[in-house]
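Next come two complexes built around chain A: one with chain B, the other with chain C.
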Partner chain A sequence: MFKYELIDEEATTVISFEGDLDIDATELMEEEIAPKLYDCSNIKIDFSKVQFVDSSGIGLLITLIHHLRERGIRVRIFHVSDEVRIVFEMLQLPDIMGADVLPEFEHS
Partner chain B sequence: MAPQGKSIISKGKTVKEAVKLALNLLNETIDQVEIEIIENESKGILGLGARPAVVRVTAGKADFRETDPEQEVRNLTLPEQASIAALLQSKQLVKPPEPEDLSGKVWVTNGRIHCKDAPDKYPLLSPGKDVRLYKNNELAEKTVIIKQSDDLRVELEEDVQAPEWELQISPDKMEASLKIVPGFRMERKLKDKAPDSYIQLEIVEKKTVVTDIDTRQVTEKLREIGVVYGVDYTEVAKACACVHPGTFVIARGTPPTPGTHGHFVPLKEVEIKKGLKERTDGTVDYREFQEFPSVERGQVLGMIEPPVPGTPGTTVTGEVVVPPEVFPLVLNEGIGVLVLEDGSRVIATEAGQPEIKLKGRTARISVVPKLLIGKDIDLEVGNIRYVGDVEVLGSVQEGMLVEAMGNVWVHQNVHSAKISSGGSVVVKNNIIGSEITSGKSTLLLAELHEILGALIPQLRQMEAAIKQLQTVSAFKVSSFSRSGLGSLIKILCDGKFKSFPVIMTSFIQKIDSGADILDADWLQLREQLHKGFVMMNASNLASVEDFSRLTDTVEQHYILSRDSDDESDCFIKAGYVHNSELYCSGDISISTRGTYHSKVRAAGSIDVEGVVRGGEIHASKGVRIGEAGTRGGVGTKIVVPDRETIQIEMAMEGTIIQVGKRMHKFSVQTPNVTARLGDDGLLIIG
Partner chain C sequence: MPETKSQSFDESQSAPMHKALQREIQLARNIQMKLLNGEKPELPTGEVSGISIPARLIGGDYFDFYPLGDGRIRILIGDVMGKGIPAAMLMILTRGAFRSAAGAAQGPGQTLTMMNDAIYKDLRKLGSFVTIFCADWEPATGTFVYANAGHSMPIVVRSDVGTVTLPVLKGVMIGGLPGQIYKEKTSHIQRDDLVFLYTDGIVEAQNAQGEMFKLDRLSGILVEQSRQTAEAIQNAVVEKVNEFTKGLPQKDDITMVILKADGDQRGV
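Showing the complex of A and B:
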C-alpha cells in the first residue's frame, strides 16, 4: 500500500512517500499527488520509507518529475535506501531525471 | 691364436651369443680369453628399450694368481655383472716400460694407472677435469702423492641410451607412423699417459650410435595395435636402421573416392553474360540483348544427372571407410518448365529466359517470360508490373512505374520515372530524375542485415540489464506478470539505450518499404518487434524469457539475411545518369557520359568511364571513375568500405573520397588517384 504525507515548510514542500512505489500507486500518483504538487515551487521528496519499486512505479516517478520540471518547479529526492538506490543507478535515473534531482547520487 | 691383449667388443641377443661371435672373430676358445660383460641383454617392454648384450672379449687369459690385487689399479665402474676376471685384468697386458725410467714416475696405459716407488721421489697425480679419482677409497680433489701400495681407482661413467621407437595411428586411421630416436653409447676411458713424475688424468670419449631396432618387434607391435592394411615393410626396415631421429609412415590406408551428387547439366546457355560491349561513342551496343539467353517452347533446357556413389576406402586398421553420401538433385519446377516423366530432362514450356538458381542440392529452374513493349511506357500503356522480364523498345516516361521480377531493358530513356527490378536493369540512353533499383530484395536484405547487426548487441545488453535488475531485492519482479516489460523497456530506452528506438524504427520502416517483396517471416518479425518495442506501454513481452526468445528470432533473421546472395549477379548499365538515384545489389557501370548530381549505390563495384559530377557514389566492392568532381561546384563524394579501392583518373579540386572511416578532400586537381587503406588503417593515396 502506497501512502504519502505532505508538509509545507515555508517555501519548500516536503512530500514523504511510504510503501511500495509500484503499479498499484498509479491512481494515487496521477490523481492526487501530481495535482497537489503542480502549485509548489520547491519540492523535496523523502524516499526513506520506500522499500520496493517496480518499473511502472519508476515510470510514474519519471513522468511526475518531468512534468514538475517542465513547470519550472525544483524537485529533489532524498534518503533513497541502498537497495532502491541500486535500482536507480542501474536504470540511470540521474541521467534520465537530471542529476540535480538526485543530489545523493552525484558521486555515482 | 690371436695376439695377446687383442680385444673385441661384441653384441648379441644374449651374452652367450655375443661371446660366441667374439670367439669366432678372435679365433680363440673360451678358456683362452678374458670376458667382460659390459651389459646384459634387456628385453624391454613391448619392443621399447630392448637392448642387446655387450661383451668385451680379450685374447690371452690373465693369470691373476701371480698378481697382488692390492697393487692393481682397477676400474670399478664396470657393471655389476662383469666377471671377476675382468675386474682383475692382468698386469701382463701392460707393456712394461724400461725399468730405469720408471722410478718415482706415474703413467697411464690401457686405462690403468701405474706407478713405481722411488726412495728419493714421489710421483704426483692430479685428477683433472671431470675425473673422479679415489685414492684408498677417498676422493682426491687435488693433486695427490701416490705410491705403489695405494689403491687407485677412477670412476668413469658410461652413458647408454637405448634406441626408442613409438608407433602412432593418425586420427583418421589412414596412416600409421613409426617415430624413431636412435640410441647411443658413450664410452669413456682414461687417456694413455707416458711415465712422468707428474701427470694429470684425462678422459677420452667415444660415442657410437645404436640403431639396431628389431623389425620383428615393430611388426609384432603393429599387429598388436591392429594395423593390418597397407604396411610398407621396406619402410619399416629403413626406419629401424635409421641413424637420425625421424618419423616414418610405415602404413597407409586407401582413402575413399567421393562420388558426385545429382546435378543439372544445362544444354542451353543459361548464364547472363556480363561485360556488355559499347560502341566507341559510348552508346550501348544493341547486340548486348543477345547476351541474355533465351529459349523456345519445347526446347530441352538440360539434363538431370543422377548421383554417382563413390568407392569405399580402407584404414590401416582394416576398417572400411564409407565415402560421403551422395544425394539426388531436388528439382524445384519453376514457371515455364516441365520435367520429362523419367526425370532426366527439363523442357521449356514457354519462350523466355531460362533461370537456374542453385541452393545446396536444390535447383529451381524456370523460364521467365518476357513482356515486350514496342513503344514508350506512358499514361496510355499504364504502369507495368510483371512477373518476368520487361523489354521496352521506347522510353519510360514521366511519372511511370516499371516493376519486374526479372530484368528490365529500356532501349531509349527513363525520364522522371521509377524502375524496380528483381534482376538487372539496362538503360541504353539516359536516366534523368529517376529512381532505379536492381536486385531489389537482395539489396533490402543486405540493408536489413546491417540494421540487425546494430540491433542485436543492444537487445542482448538490454536482456542482461533486465536480468541484473531482477537480482536486486528492492525491485519487484512480480509486477512483470501484471504489467509486462513495457515500462521497464521504456525507462531503459530513456537511459542506457537511447539509440535503441531509432534503430528499431529504421528497421521497421525498412521492412515496410519492401513488404511486397519480403518473405512472410520478415513481416512476422516486424509485427513481433512492433508489439514488443514500439508500442512500449502495451508491450506484449511479459518476461525476460519472452525477451530472449524474441532476440533469438532476430538473430536467426540476421543469419538468414547474411546467407542470401541469390541475386548478386544483377547489374545496372546505363549511358548517362542525371539527378537520379541508382541502387544495385551487384555492379553498376555507366558509360563515358557519366553521372551528374546522382546518388549511385552498389553492393558490387561501380565503374563510371566518364565523369562523376556532384552526388554520391557508394560501392561495397571498389570504384573506378574517369573524372570526379566539378570545378568549384557542388561537392562530389565517393565512398567504399575499408579493404576496397577507389581509382580516379582525374580528381577535381573539392572531390571527397572516403575509404572505411578515413576521408580525404582534394585541394588541387589530382590525376591518377588510387586510394586505399594501408596496414596501419591510414588512407594511402597514390
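Showing the complex of A and C:
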C-alpha cells in the first residue's frame, strides 16, 4: 500500500513516499498529494521507502513533477533505492523530468 | 417530487446501462484480441510467436510483426502506461503509429523516431507514454538490428551457453520527449538461439505472499525450454506464471514474443 508523510521544514516541504508506486496509488496521488503540494514553493521528495515502481507509477510521478514545475515550484527527488534507480535510468527520467529534479543521477 | 422521479429513473436505468457497458467492454476486448492475435507471419526459416494476457478485461500491452518483404521481419513489443480501457485506447493509437511507420521507415530506430513524432503530442496531452522495443530480424542471416524506447532488453538463450546479453541500448520512451532520434545496434542471432521479448508484467507477476516472479525464474524456464518450438516455450512460460500466481488477479498485463531462428520441432 502506498503512503506518504508531509513535513514542513522552514521554506522546504519534505514529502516521504512509502510503498509500491503503481496504479493503486492513482487516486491518492492525483486527488490528495498533488493538490497539497500546489501551495508549496520548494519540495523535496524522499524516495528511500519506495522499493518498487511500475510504468503506471512512473506516469503518476512524471505527471506530478510536470504539474508542480508548471506552477513554478522547485522539486527534487532524493534517496532513490537501487531497484528504483534501475527503472529511472532505463527510462531516462533525468532527461525527461529535468536533471535538476534528480540531482543524484548523472545527466546523459 | 422532481428529485424522487429523477432518482427512480436513474435506478431503473442502471441495470440496462450496466449490461450495455459490459457488452461494449466485451466487444472492445474482442476487437483488441483480434488486432493483437492476428496471423503469424510465415517465414522461410525461423518462427515467431506472441501472446498478450491482459490483467483486466482489456489491456495496454502491444506486440506486432511486420514482414518487410525482403526476408526481414520488423518486430515490436510495447507497454502503454496504465491499465484497462484507457491504456487499451492508447494501445490502438500506438498500433496505428507503428503500422504507418513500419512501411516507410528504413530501420527500427527510424520506426521509433517516426512513432514518437506522430504521437508525442497526444501522449503528452494525455499524460501517458509507451515503452517500446523494436527490431528488424533476418532469420536467414541472423542479423538482428534493434532500437529501444525505454523498454526492457530481450533475453537471449544460446544453446549450451545459457543466457547471453545483447549490448544494452537505451532510449527515451515514446511520449517522453519531442524530436527524439533513436539509435540502433546490430547483433547476430545464432541458428539455435531463442530470443524472448517481454513486458514487465511477467517478472512483476505476484503470488498471494506478495513475491514477484522475477527475471531469474523466467530465465531459468527459458534455458530449460530453449529447444522447444516457439509456441511450446510460450505455453510453458504462461503455465509457470499461472502456477506461481495461482490465479491471483495481476496488476499488469503480461506479454511475450518469442523468436526461434531454427524453427524446428526438436524436443528436449
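Keep this in mind: the second predicted complex is superposed on the first by the 106 of 108 C-alpha atoms of A that agree within 3 Å, B and C clash if a C-alpha of one lies under 4 Å from a C-alpha of the other, contacts with A are read in each partner's own complex, and residues count from 1 in each chain.
Note that in this section a residue touches a chain if its C-beta (ideal position, glycine included) is under 8 Å from a C-beta of that chain, and two chains touch if they have at least 3 such contacts.
Because the structure is a prediction, the values reported are computed rather than measured.
In the model built by aligning both structures on chain A, chain B clashes with chain C. With both structures placed on the common chain, the touch criterion links A:28 to neither chain B nor chain C. Shared-chain residue A:63: touches chain C; no touch with chain B. Applying the stated contact rule after C-alpha superposition, one finds that A:91 touches each of chain B and chain C. Of the two partner chains, neither chain B nor chain C is touched by A:14.
Of the two partner chains, chain B is the only one that A:83 touches; chain C does not reach it. Once chain A of one complex is fitted onto chain A of the other, the partner contacts of A:53 are limited to chain B, with no touch recorded for chain C. Shared contact residues on chain A (touching chain B in one structure, chain C in the other): 22-23, 52, 54-56, 58-59, 62, 90-92, 95-96. Per the touch definition, chain A reaches chain B in the complex via residues 20, 22-23, 51-59, 62, 81, 83-84, 86-87, 90-93, 95-96. Only residues 465, 468-469, 472-480, 482-483, 485, 487-488, 490-492, 494-496 of chain B touch chain A when the two sit together in their complex.
Every residue of chain C that touches chain A in the complex is listed here, in rising order: 79-83, 127-129, 131, 150, 152, 170-173, 176-177, 200, 204, 251-252. Across the complex, chain A meets chain C through its residues 22-24, 52, 54-56, 58-59, 62-63, 66, 89-92, 95-96, 108.
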